[in-house]
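Here it is: the structure, laid out below.
Note that the chains are named A, B, C and D in the order they appear, and that numbering of residues resets to 1 at the start of each chain.
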Amino acid sequence: MMKSNIPNSTDLTCAIKVVDLHVDFATAGGVLPAVRGVSFELEQGETLAIVGESGSGKSVTALSIMQLIAKRTGRISSGEIVFDGQDLLQLDEHKLREMRGNAISMIFQEPMSSLNPLMKVGHQVGEVFRRHLKVDRAEAKRLSIEMLRKVGLSAPERRYNEFPHQISGGMRQRVMIAIALACRPQLLIADEPTTALDVTIQGQILDLIQDLKSENEMSVIIITHDLGVVAEIVDYVVVMYAGQVVETGYAREIFEQPRHPYTKALINAVPKLGLRTRTKQRTRLEEIVGTVPNLLALPAGCAFCERCDYAQEICSTSAPSMEVVGARRSVRCHFDLTKKDRHHER
Amino acid sequence: MNLNMLKCLAFAAIVGFAGTAQAADSGGEFNFVAPYDGSILSLDPHKTSKQQDLLVTNNIFRSLYMWSAEHRKPMLELANLESVSDDGLTYTYKLHADMMFHNGRAMKASDIVYSYERMLSMKPVSPNAGHIQIIQGAKAFESGGADHVEGLSVLDDLRFSITLNDRVDPAYYFYRPGTAIVPQEAVEAAGDEFGLSPVGSGPFKFEEWVKGSEVKLSKFDNYFEAQKPYLDKLNFKILQEGSTRDIAFRANELDAILVEASQYPQYKADPSYSEHLVEVAEMFTRLISWNADYAPLSDKKVRQAISYAIDEDTINKKFLKGKAYNPVGWLPSTSEAFDANGKGFGYDVEKAKALMAEAGYADGFELEILGTANKSYGVGVAEVVGQYLSKIGITVTTQQLEGGILYDKLVAGDFQGIIWSFGSGVEPLKALKRWHSTTANDSGNYVKYNNPEYDALLDKAQNTNDEQKRVEYLQAADRIFADDAAVWLFNYNKAVLAVQPWVHGIEPVAIEIMYQDFADVWVDANSPRAK
Amino acid sequence: MFAFIVRRLLQFIPTILGISLIMFLLLNLIPGNAALSSAGRLELAPEVVEQIKAELGLDKPIVQRYVQYITRLAQGDMGQSYLRRYDVSEVVFSRLGATLKLAFAAISIALLIGVPLGFFAALKQGTWMDMLLTVVAVGGVSIPQFWLGILLMYFFGFMLHLLPTSGYGNGSLANLVLPALTLGLGYTAMLARITRAAVIEVLTSDYVRTARAKGLSELAINVRHVFRNAFVLILTTAGLLFGSLIGQTVVVERLFSWPGIGSLVVEAIFQRDIPVAQGCLLVIIFVFLTVNLLVDILYRAINPQIDFE
Amino acid sequence: MMLKSIFAHKNLMFGGTIVVLVVLMAIAAPLLAPFDPVFDADLMNSEMPPGGEFLFGTDTNGRDVLSRVIHGARISLSVGLVTQILNTIIGVSLGLVAGYMGRFWDDLIMGLTNIMLSIPVIVFALAIMAALGPGLINLFIALGLTNWAYTCRITRAQVLSDKKKDYVKAAKSLGYSRASIMFTQIMPNILGPVLVIATLGSAEAILLEAALSFLGLGAQPPTPSWGGMLSSARDLLFVAPWLSIFPGIAIFVTVLGFNMLGDGLRDLLDPKSVGATKLGGVR
């Protein structure tokens, strides 16, 4: 099996590089390989989207970068995650903690449950300042209020003293962003940051992330199952399926000319590509027929084979490998969609 | 008189101490138990008839008479008997001088009258009023028909007389701890609360009552018997659980405990305790009452067959671990009319089978025996009895009931057999009268026993003045009762106290071994609570 | 908050009324002659029994007796003990202190041992230590209480002579240890399990993941985020436990001759001293309700998500 | 998948094994026990220590302790089973009625449930036993009537949440009667938690029987109940320790088994319920 094409040299413009990441989970049914050899690279200042259905391993990949995989059940079995010239997987827990919330931070899908319900939101922001900037209580408070203002909360002094249940979902996500961006991280990982929010709020949050990104000169990884939501703001896309990367490429190329049947299906599931519809009632992601394969009992061939409209005999017997098909562009398919002659539609 | 010193000597002999009268040590604390059904309810002796309460009040109060362990009968305590009238109904007493109540006032003859009248006039009536009702005019006074009891009169400060309804020995009534003498002014000052902070004239005065836990008494310095009591402090710890008591005693937290049958062999076998066991045949006879209205049991032969079929000796030895005496009749071995030559039925299955066949019950019948959960005379024993009776074809079922319910059934005659324990002392004639045909079925003669021969013997005993004849009549009556097998006689209780080696003066009190008189008890210097 | 407490206190009334009715009927259904046992002896002349019955009011119909009871109760009068012939309140309240002391000691043991153990087990989730703690915890609640008590009494009191075997002492601490342990052990086990489950739930929560993502140390995470949230979960169950503990005292108090309300209620039922039994039950239930109210107040004080509404 | 996860839960396996063994012991008691637990009594064999003919020794009546322990499984299991069936029936029925009928019925039943929750089970059972007298049947009644509040609450809560769900609405629109909706639609959904409660409740009932025996109101002799045996042996700790050790261990192991089983069932069927971490035994 051919490895990814990503060069091994340390590129100074590279924000983060993930190389052949494998993550396993111990479950009642046996070892579940949630991530199987994921590699990608993100350049300084870029916004990258990892796209895939639930169970594709995209969130696990993101959590692996933070090394927040639950140790009791999950294990990063091999791979490299190079950040700032260091392999994060080799760092000890102390160094990792120095880094988390500081150089790399993360925001999560559920703004309600991601905030401690018993702690004032201001304290939850202030905690980061106290931890990483080693400032005193008063200074932390001042910085927190400033941060809350920056993420667009009205009357931040009042919000500071409120509890999560007292503010709206959109505000909570703003608080989460305030926490994540408090220490001006180089890299922000946003795991489905808008999924739990109203359509109107979704756009605001994405705009906020975009604004703060340019202000802070950071790189962003957005994890999403919905290409449509992020189409306008991403530079580079990594499509994942069943724990593997199936296609990578610049956003424009991917949207214009998907090479993997799965990517195509994902794009088809979005009604109007490229148009972020804020007010219009948007139908849910059109479901792709079939279900994600059981990772405990993977088929011998291509993992997407069962659901693929273009599957041939070889697809069920041999797993395709990742092939470079352009600049930072690769695809994992026996039959590249662009080479139409090799397909006959069923 | 130094009666109590005598008692000590007698006791020393019983428990096997050296014959030399050891000088009693003064001081120390004594931890005794209150082993019966839980909390102490009241320390007002007139308001309770529970042994659990009276075993404490017995040391705070004194009654006119008190039970003497070695004479096995009540003896005068507070007064001397000056005279008895010719008709035998009027008794004149003179109190000992300088007897003090704990509040510092000297006891007067009027206190006796007040105490007895109080018992009769209380609302609700005192449970012990029955003992007082032998006095002339008591009933009239109780029902409000008279403003004082006719038979009670104060003669002077110390002298008083009591006139009775019938010729009975008042000693057997006025020795009860529940007829104790109380000081009027203290009772009236305390009102309903007198039972919470009692004032008496006994050797110990009330100190503290931790409800549900213990009663603490302390030495009464002005007790009328010189030098007594010896102990500075006396505590009654409420310890209902046999196992708890046992462990506490072995851990030396207690100076004496009541021993249960289950633990008895262990104490017997343990050399450090076996020499310090105080044992007595208490005046209780355990039995199964047979209901004569149940057809099979109406036949004397069947009842006799049952008595032959059960090996009470083995049950007493094995099941009760020897903590019982085999019965020969109704009267227990501590009774003055006990028939030392008497014999029980013995164990003879063949004879039992023959009797069953004669009675026409060769194939047996079904029999239900009711009992309480009591280990020594409850359903446990009835089960064993059932094991024996199965050999002569009688199928026994047992049912466990609570005392109150069982008693209701007993009174109502709603049973086939009930296993129970009845008082069979103190006065033998009174004890045997229970089975006299004129005794109401609901107030003692629960088995409706009716044998004219038996009645006649009791009547003769009552009317004779010859002490020896009287005993002979009583013994003859008892033999008839035993032979009629109206009840199955199981045993006389052997009450046992285990006593620490440093303790002296605990006595085998046959009326109730827990009614110890601590005026006479002292502890050696090696007691953990000596000083 | 004041309004909340008042409203909750008012809610006591129907509960207590309901319980008093159920218990009054039940206790009066108990066969056995209350008048007889109130006289404290079995062999009494029938007319004396009738007289006592009349004096205790037992000759009236049960409905009338209940109405009378409730009317007096509303005025704070729990009646007179059949056996003791003085006020039930005097009887019951003289015992309440000992039970509260025992229950408080037991729940303290349970909290001080059970909560840290459960916390520890949760942090070590899945290891052999966790397994061991789980087995010990389940084992702890599976022993018949009186048996455990006798064994403790035997080893600590008799074999080792470390502690008094039984009794109240003068309320000394040494006397409290064994009964409190006997009573508390099951609850220790229970709290350890509750704590473990609560901590595990909190540990897998999103906000703890957020705390980790902030780069906080484990200590800071446990103290500031895990423990407080777990405690809210523990608290709700601990309140119920304390209430049930008061009921459990019936066995332990009897075994250790502990002069509390638990031994009293058993005794009163056996002796058919119905006013006392009834009084005990009402007090037990009142304590249970009060403790739960206090826990509720505490819960609300800790948990900002719930207002005093 | 289901089977696999059953095996994956150690507590479920462990508890289940114990309970199955106890059940087998109860079923095969007459075959396993060397003697009759009640009638093979001979005072001559009173309190023989373990060994020889009597593997676990004999009791005061001279009965074989082993046989009594084996037969005791029948008593303890029936105490667990019967009382829990009663509790479950009462709890589920009242919970369904309260949740489904709402309003007056809900208030009434929840009021009653709150009352039941505030009276300690053991005290309530004690009062009932005092009213009925000791004995196995009465024990079933006393324990079967007093411990249904949790089941009732959970059933009601489930009904309230299910009521809003589509399938119940659908059933309603199809014209099914209230009763049939209650029983056919909602019952399967509450089976899990109710089963867990009943399993833990069995453990509790066995311990309560022992506690009531201690207080003198358990199954009455000569019934070979473990609680009764243990309770009557408590005075004999120094004299005949085997009389308390064997029934004590029997109770401990069986209760442990039921607790483990209930615990495992909860992990399997109802993994999210943190609040319901109660165990049979302390309440």
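Quick note on the criterion: a contact is a pair of C-beta atoms (placed from the backbone, for glycine too) under 8 Å apart; a residue touches a chain by one contact, two chains touch by 3 or more.
Every value quoted in this text rests on a predicted model; they were computed, and no experiment measured them.
If you take chain B and chain D together, the chains in touch with both are C.
The minimum number of touch steps linking chain A to chain B comes to 2.
For chain D, the chain whose average C-alpha position is most distant is A.
Chain nearest the geometric middle of the protein is C, using mean C-alpha positions. A count of contacting C-beta pairs for B-C and for A-C identifies B-C as the more extensively joined pair. Centre-to-centre separation of chain B and chain C, using mean CA positions: 39 Å. The geometric centre of chain A is 52 Å away from that of chain C, both derived from CA atoms.
Mean C-alpha positions place chain C and chain D at a centre distance of 21 Å.
Shared interface positions of chain C, i.e. residues touching 2 or more other chains, are given as 31, 150, 154, 254-255, 266, 270.
The set of chain D residues touching two or more other chains comprises 130, 133, 216, 234, 237.
In chain A, no position touches at least two other chains. On the chain C side of its complex with chain B, the touching residues are 31-33, 36-46, 48, 51-52, 55-56, 81, 83-86, 91, 94-95, 98, 150, 153-154, 157-158, 161, 164-168, 170, 254-260, 263-264, 266-267, 270-272. Residues 10-11, 111-112, 114-115, 117-123, 126-128, 130-131, 133, 203, 207, 210-211, 214-216, 227, 230-231, 234, 237, 244, 248, 251-252, 255-256, 259-260, 263, 274-275, 277-283 of chain D are the ones touching chain C in the complex. Across the interface of their complex, chain C is touched by residues 37-39, 41-42, 47-50, 123-125, 127, 129-130, 192-193, 195-196, 210-214, 237-241, 243-244, 247-248, 250-251, 253, 402-405, 407-408, 442-444 of chain B. In the complex of the two chains, the chain B residues touching chain D come out as 241-243, 246-247, 260, 262-263, 265-266, 311, 314-315, 318-319, 373, 375, 379-380, 383-384, 387, 390, 398-402, 405.
Considering their complex, residues 66, 68, 70, 72, 96-102, 105-106, 108, 110, 113-119, 124, 127-128, 131-132, 163, 165, 176, 179-180 of chain A touch chain C.
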